[in-house]
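Paired with chain B in one complex and with chain C in the other, chain A is shared by the two complexes that follow.
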Partner chain A sequence: MSEDTNSVSRRSLLKGAAVGGLGLVAGSTLAAGSADAATRLKGSTVRWTTRGGGATGDKIAKAVNDAFTKKTGAKVVAQQVNSDDFQNNFAQIMQGSPDDAFGWMAGYRSNHFGELGLLADLTREINRLKGTLPTAAIKGATSPVSKKPYILPTTYYPWALHYRKSMVKEIGMNPEKIDTWDDFIKLMTLTQKKGLVGYSLGAKGGWEAMGTFDILNARINGYKYHIDLLNGRAKWTDAKTKETFKYFAQLIPFMNENVLDISWDGMRDLLLQKKTGAMMMGSWFANDFKAKSQEDYDDLWVVPFPEINPKWGIDTIDAPLDGISVAANGKNVAGGKALAQFWASPEGITEAIKAGDTNIYVSRSFDTSSYDSFNKQKLAVLGSAKNIMFFLDRDARGDFAGPVVGPAIQSFIKKPSDINKILESVQSQWDALPKN
Partner chain B sequence: MSDEMVSNKKYRDKQKRKDGFISLFIGFFAFVWIFPILWTVWTSLRPYNEIISYGIFSWPRKLTFDNYVNAVEEMQIVGYLINSAIVTIPSVILTLFFGSLIAFVVTRYKFRFNLTILLLFTAGNMLPIVLTYIPVFWMFIWVGELFGNRNMFYNNYAGLILVHVAFQVGFAAFVLSSYMKTIPKEISESATIDGANVFRHYWNVILPLLRPALAALSVLMTTWIYNEFFWALVLMSDDSKRPITSALRRLQGQYVTDFNLLAAGAIIAALPTVILFFVLRKQFIAGLTLGSTKG
Partner chain C sequence: MKTAATGKKTRSRRTLSKTDRFTLSAFVGIPTLLQILLLWVPALVTIILSFTYWNGIRLSDIRWAGIQNYKTIFFNEPLFYEALKNNGVWLAFFILVATPLGILLAYQVDRGIKGHAFYESIFYLPVVLSLAVIGIIWNFMLQPGGFVQGLMGLDIGNAISIWGNPDINTWVILGVASWRHIGYIMLLYLSGLKSVDPALKEAAAIDGATEWQIFRKIILPTMQPVNIIIVVITLIESLRAFDLVYIIYGSPTIFPLLNLLVFQNFAGQGLSMKGAAYAVILLVLCIVPIITYLRIVFKEDLK
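Here is the complex of A and B:
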C-alpha cells in the first residue's frame, strides 16, 4: 500500500511539474512547447496501443511513433489489440497497468472514464493544438460535465445517405440532387416499384438502426433536443419524440423484410448487389466497393440526409469522432500526453497519411487535394453540418444506449403501432437508472 | 433344423436393420458435428470479394489458398504459438502434479474430511469463470502491489499459469482420485511396511502406476488450456504476451471483418490440437472414460 501512495505522490509531483511547464509555455509558441517536452522526455519509454487496423495499423503506428522518437528522444513501445476486446475490457485495462496513450473514441466513452479518473485531463495539450483544431472538434472532445477534454480529436467519418448513382439514374432521377424529403420518398417509391428494396436497414445488433433514428430526430426536432433527449433532459414520451417515430414508421414499408436479421454488412451487400435504393450508414464500408471493382466504387455516392423541418435544415450530422486518450494510471503520463499531442498535431497526421492512413482528420492542417470524388463528397457532407453528433451509443450512457434504446428500436420495427408503449418503457427505464 | 435356420435368419435380419438404423443415426449426428468445420474449410478457400459480391451461398468462381498465405502473414503466428507453449506446458505439468497430490492424500489416507476436500476442489469447477474474473483481477493487482509490483501476476505469465492451474486442478484431482481407487490398497500397505515414507510412497509407488491416467489427462488438459482465451484476454494487457487465440483476433478489423481470412486463421490455429488428437487419440479416448468404472 505504501508503494501505492508513493506512486501517487510521484504522480502529483509530475503533475506539478507539468503545470509549471504550462506556465512557461503559455505565452510561447507550439514549437517551444515541444522543445520543452523533448528535453523532459529524452530517454524515457512511452507505451502506445493501436486499436485494430491490421498490418496497415501497425505501419501507421510505427511511422508516427518513430517520428516522435526522432523528435523527442523518448522510446515508444507499441502494440496492436483487437478493437472490440479493448473496448469491452476498457475499465479493467485502465485500472490495471495500461499503456500510456492509445486511440480511443470521443463522447460518453471518454467523458465517463475521464470523470472516473481513469483518463488524464488533456486541457494543456488541446490548448496547444487550438490553432489547428476546429472549435466543433474541441467542443466534441470536451466533457460537458467536468468541462475537461479527455481525448485529443483526430479523425471522424460521416453517417449519411448512401446510394448508387447508376440506380438513381435508371429510375429517372438526378443522382446529384437528392435534397428534399420528397426526393427521398420518390427515390424509395420508384426503386420499390422495380421490385427492389426502397430503404435498406439492419437492426440485428441493435445499433445499426440508431443512425436512422438519430438523423430523423435531429432533422425534426433539432440537435439540442436530440442531445437533451439522450441525456435525460427531454422525455422519450414527449410528443416531439413521437413525431420522430411517425417519420420512422413512414420508412418501414420501404424496408427489406429481414431488418432484424441483418447487420451493417447485410445492408452493404444489398447496395453492393444493386438490390436497394438507399441506406443510412457510416461511410467506412466504401473500401469494400473499391475491393469489388473501381466501377462499383465510382458508382457509390453519399449525400446529407434530406431536410424535414426547415427550421433546422441539414445542420446536423452523425459523425463519430475518434482521437487519442492518455491513461491516468500509465507509468509515464507526461510521456503519454506528449505522444498523444504528437499524434494529433499536423506533424503526426502527415506521418500517418504518408504511411497509408485513409481516415478523414478534423485538423485544419489536413490536406485533401489528392482526394477522389467520393472522399471529397464525404468531406462536403461533413462540412454541410454545423452540429456534430457522435452516434447514439456514444452520445448516451453505455448502460442506456445498448441495453435500452437498441431493443426499443427493434421492437418498434417489429410492431410500429406499439410505439407509445415502447417509448413509455424507454422513459421508465431511463428513470430507473442510477444517477451519478 | 430348418426352424432354427429361419429364426437365425430372422435374427440376423433384425440385427441388420438395427445396425442400419444405428449407422444412419450416428452418420446424421456426425454430419451435424462436422458440418461447421467443413463449412469453415470451405469458407477459407473462397476470396472475400466473391462473398460480398455474390453472397455466402453463391456458387464459387474461384478457390484459392490466398487466405491461408495472408493469414499466416497477418497473424504473426510463431510468436503467439510460443506464448501458448509458455502458458500451456507449465500449466499442465503443475495441474497434474498438484492434482495427483490431492488425489493421493484423499484416497490413500483416511481422515475425517477427505471427501469434503475432494468435493470442495471439484465444486470450484462448477463456478462460471466470468463470475470470478473481477475478483481474480483485483486479487492479482492487490497482491502485486503488496510486493511493490503491479505486474507480478497481472499481465504476467505467472498469473495466467496460476489461474489455469487453480481452475483445472479440481478436475484433475477428481479424475485421478477415481483412478487411484482402482489401485489395490495392498500395494500401499506393503510399501508402508517396507518403510516408505509419505513422499516416497507417492513418488516411487503411486505415481508410476498413475502413468496411463496422467497421459490421458495431460492430453485433455493441453487441449483445454491451449484453446482457452478468456483469461488471457482479461489478465494480459499486452497483446504480444497472449496465446494463439489472440492472433485470430488480429484478423478482425474495427468495422470490417474478412470472415474468409478469419476462417483460414481458425483452421491454422486449430491444427496443433487436431494433430495432437490424432497422434494421441488412444490416450484421449482413455481420458474420456477414465475412472468411469469405479467412482
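Here is the complex of A and C:
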C-alpha cells in the first residue's frame, strides 16, 4: 500500500518537474486524502473524453460532469472522440497530452497500459467504492499481473442475440421463445424468405465479427477451451477450432452481402430499419434505439445465443466490463481520479441514468427494480451464464487480436473454403509473436 | 604545384565576399541541419528500431531482436504480401494508365482544343482537394446507405459491396485516386508544355512531321526535366499511398497497403518495431527505383 502511494507521488513529482510545480500540488493533494481533495479541486480544470455515443453520449457526459462541478467546484472540459480511433491510437494519445479521465475498457486493454505506466493506479479509489462494487467487478478491473486496478468498473453489457419482437411475430414465431439452435435457424430462414437479411454481420473493422466467433467457440468447445485458445494453450489448427468455423460457415448464407462494408453502426441501422432478423451484438446500441423512439426501444429484445453442445448449454457469455480510467500523464491526475470516482459512484450513476443511459451498472447501489423490461431481460441474459468472457480483443493480447484474428475472420468471410489455410496462418503468426 | 584548372577554382571561390559566404552557408547550412535533424536522424533511429523488440512505450523495455521482425514479416504475415500486391498494382496502374492519361490531357489542352479551358478546370478541380477529403467524399457516396447506393434504390440491407469486395475494390480505389492524380500530372505537364517554344513545333509541322512524331521527337525530349519529376512523383505517390484508404477503411486489413501497415503497427498495437521494419522496407522500395532511374537519366544527359 505504501509502495503504491510512493509510486504515485513519485510520478507526480516527476511531472511536477515537467509542468512547473503543478504536479507537486497534485501529489500533496493525494497525500492529504479525500476530504482535502475536494477543496483543492475547486477551480481546477479536469479534462474528460467520451468514447463515442453520439448525442446521447454527450448528454450523459454533460449531466454527470455538471453534477461533479456542482459538488466539487472543479470545471470539466469534455470532448467526444471516435471510439475506434481512440482505441487504435491509445498508446500514442496516452503518451501525448491525454485528457485526465475517460471511459475505457477492462481486461487486457487497461491492464496492459496500466502495467506500462500509462494509466493511473486506482487502488485508493476502488477501495473507497468497495461498499458498492461487487467483488467480481473489482476482480475484473484488477490486473492479474500487477494486482492493481487501472479502471473503475461502471457498466457491462451482454453480447447476445438481438432482434425485434414485432418482426419475429410477423413471421409467425414467438419472440419470447427463441431458445434453441433450431429456433434460431428457423428465425433466420423465415426472415430471409421475406427478402430481408437473416443474420446481419459487419466486419469492416475486423473486430465486430469476433463476437460471433467467441460465442460459437464457447458454445461448441466450452469456456475453458476458448480462453486457452486465446492465450496460446490450445491451437488454432485444432479440429475443435475448425468445428467452430464450420458452424460459422453455416451462418454465412443468411448474412448480408456487404459484411465487409459495414461496421457495428451499419448492423444497428439494419435492425433499426427492420431489415434483419437477428444479430449478435453488444447491447450498448440500445441507447440509439431509445434516442430514435420509445416504440423502437420497446420493440427491441435480447436472448442468450442458443445452445449447440449440450455439454456446455448456455453457460458462457461475452460481457465486456467498461469503466473509467485516468491517464497517468494527464495535467490534473488528482482531478481525473476524483472525476473517475464520481462517475463510478452512486451519485454519478444516478445522473447518467437520468440523462438517458440504458446501460447496466455493476454498482450494488444501483436499484434494478426500476429497470425497464429490456434492461431486466439484459440482466436475465447475463444471469443465465456462469462464465464471463470479456470479448476477444480484451481476452487476448493486443498485438494478436486486432492485427491477426481480425483479418483472419475477414478472409474467412471472403472465402470460407480457405479456412484451413487461414487457421494455419493464424497459428504460425501466434507462434511468431515475441514472448512476453 | 597546382594545375591551372584547380588554381582557377580556388581563385573563384575566394572572390566570394564575406556576406556572400555567410548567406550561402546560412542558406545551405540551415536546411541541411534541419534535414539531418528531422529526416536522417529519425530514419536512422527507425532502422535501428526495426532490429529490436519494443512496444513503443518504455525505453527500458527495448530488447535486441536481430532480423526477427523481418523474418516475421516475410514469412508470417499474409497482410504484407497483400499490401505489396496492392502497392504494386497501384504503381502499375498509375504508370500505365493514370500518368499517360494526364500527359495526354495536358497535350490536348495545350493544343487548344475546343473548350480547353473548361476541361482544364474540370480535371484540375480534384487536385485542390487532399486525398483525405477525397476519401471522405467517395466513401460518403459509395458506402452502404451512401448517396450512390441510395440513388440506385439500395438500402443498407441490399447495398452492393464495394469497399469490401476484393474483386472490385482495387479498381474503385484506383479510379478515385486517379481522379486526382490525372489532374495533378496534367497540371505539371501543362506548365512544362507552355515553356516549349512553339516555333519548334511549327518548324516540324512544316517539315511534314505527324502529330505523334512531333510529340515523340520534339516535345518529349525538350520536356526531359518535367518527365523526371513526373516519373518520380508517380513512383512516390503509388508507394506512399495511405490517406485515401485509411479514411475509407480505418484499418489496414481489407485493403492493406505498406504505409497502412507501418501506421497500424506503430499506433496502438504495441508493435513499434514491426512498424519500423515495414517503414524500412518501404524506404528501400522507394529509394532504390528512384536512385536507379535518376542515375540512368543523368548518365544519358552526360553523354
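Assume the second predicted complex is superposed on the first by the 251 of 436 C-alpha atoms of A that agree within 3 Å, B and C clash if a C-alpha of one lies under 4 Å from a C-alpha of the other, contacts with A are read in each partner's own complex, and residues count from 1 in each chain.
In this text, contacts are C-beta pairs under 8 Å (C-beta built on N, C-alpha and C of every residue); 3 or more make two chains touch, one makes a residue touch a chain.
For clarity, every value in this text was computed on a predicted model and none was experimentally measured.
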Name the contact category of A:273: first (chain B only), second (chain C only), both, or neither.
both
For A:385, using the defined touch cut-off, is the partner it touches chain B, chain C, both, or neither? Pick first, second, both or neither.
neither
Residue contacts with chain A in the superposition, chain B compared against chain C:
C
Looking at the overlay, what does A:190 touch: chain B (first), chain C (second), both, or neither?
neither
Could you look at A:229 and tell me whether it touches chain B, chain C, both or neither (first, second, both, neither)?
neither
Going by the contact rule set out at the top, does A:137 touch chain B (first), chain C (second), both, or neither?
neither
Under the stated touch criterion, which partner chain does A:89 make contact with: chain B (first), chain C (second), both, or neither?
both
Under the stated touch criterion, which partner chain does A:284 make contact with: chain B (first), chain C (second), both, or neither?
first
Applying the touch criterion given at the start, work out whether A:80 contacts chain B, chain C, both or neither, answering first, second, both or neither.
first
Now for A:54: first (chain B), second (chain C), both, or neither, which partner does it touch?
first
Common interface residues of chain A - those touching chain B in one complex and chain C in the other
84-85, 89, 92, 95, 269, 273
Within the complex, which stretch of chain C touches chain A?
53, 55-58, 61, 65, 68, 71-72, 75-79, 143-145, 155-166, 249-251, 253-254, 264-265, 267-271
Which residues of chain A touch chain B once you look at their complex with the stated criterion?
1, 3-4, 51-55, 79-85, 89, 92-93, 95-99, 264-265, 268-269, 272-273, 282, 284-285, 287-288, 291-292
Under the definition above, what is the set of chain A residues touching chain C in their complex?
84-85, 87-92, 95, 112, 116-118, 196-197, 200, 204-206, 256-262, 266, 269-270, 273, 275-276, 398-399, 402-403, 406-407, 410-411, 414, 425, 428-429, 431-432, 434
Chain B residues within the chain A interface of the complex
48-49, 52-55, 73-74, 134, 137, 141, 145-146, 148, 150-151, 154-155, 233-234, 237-240, 246, 249-256
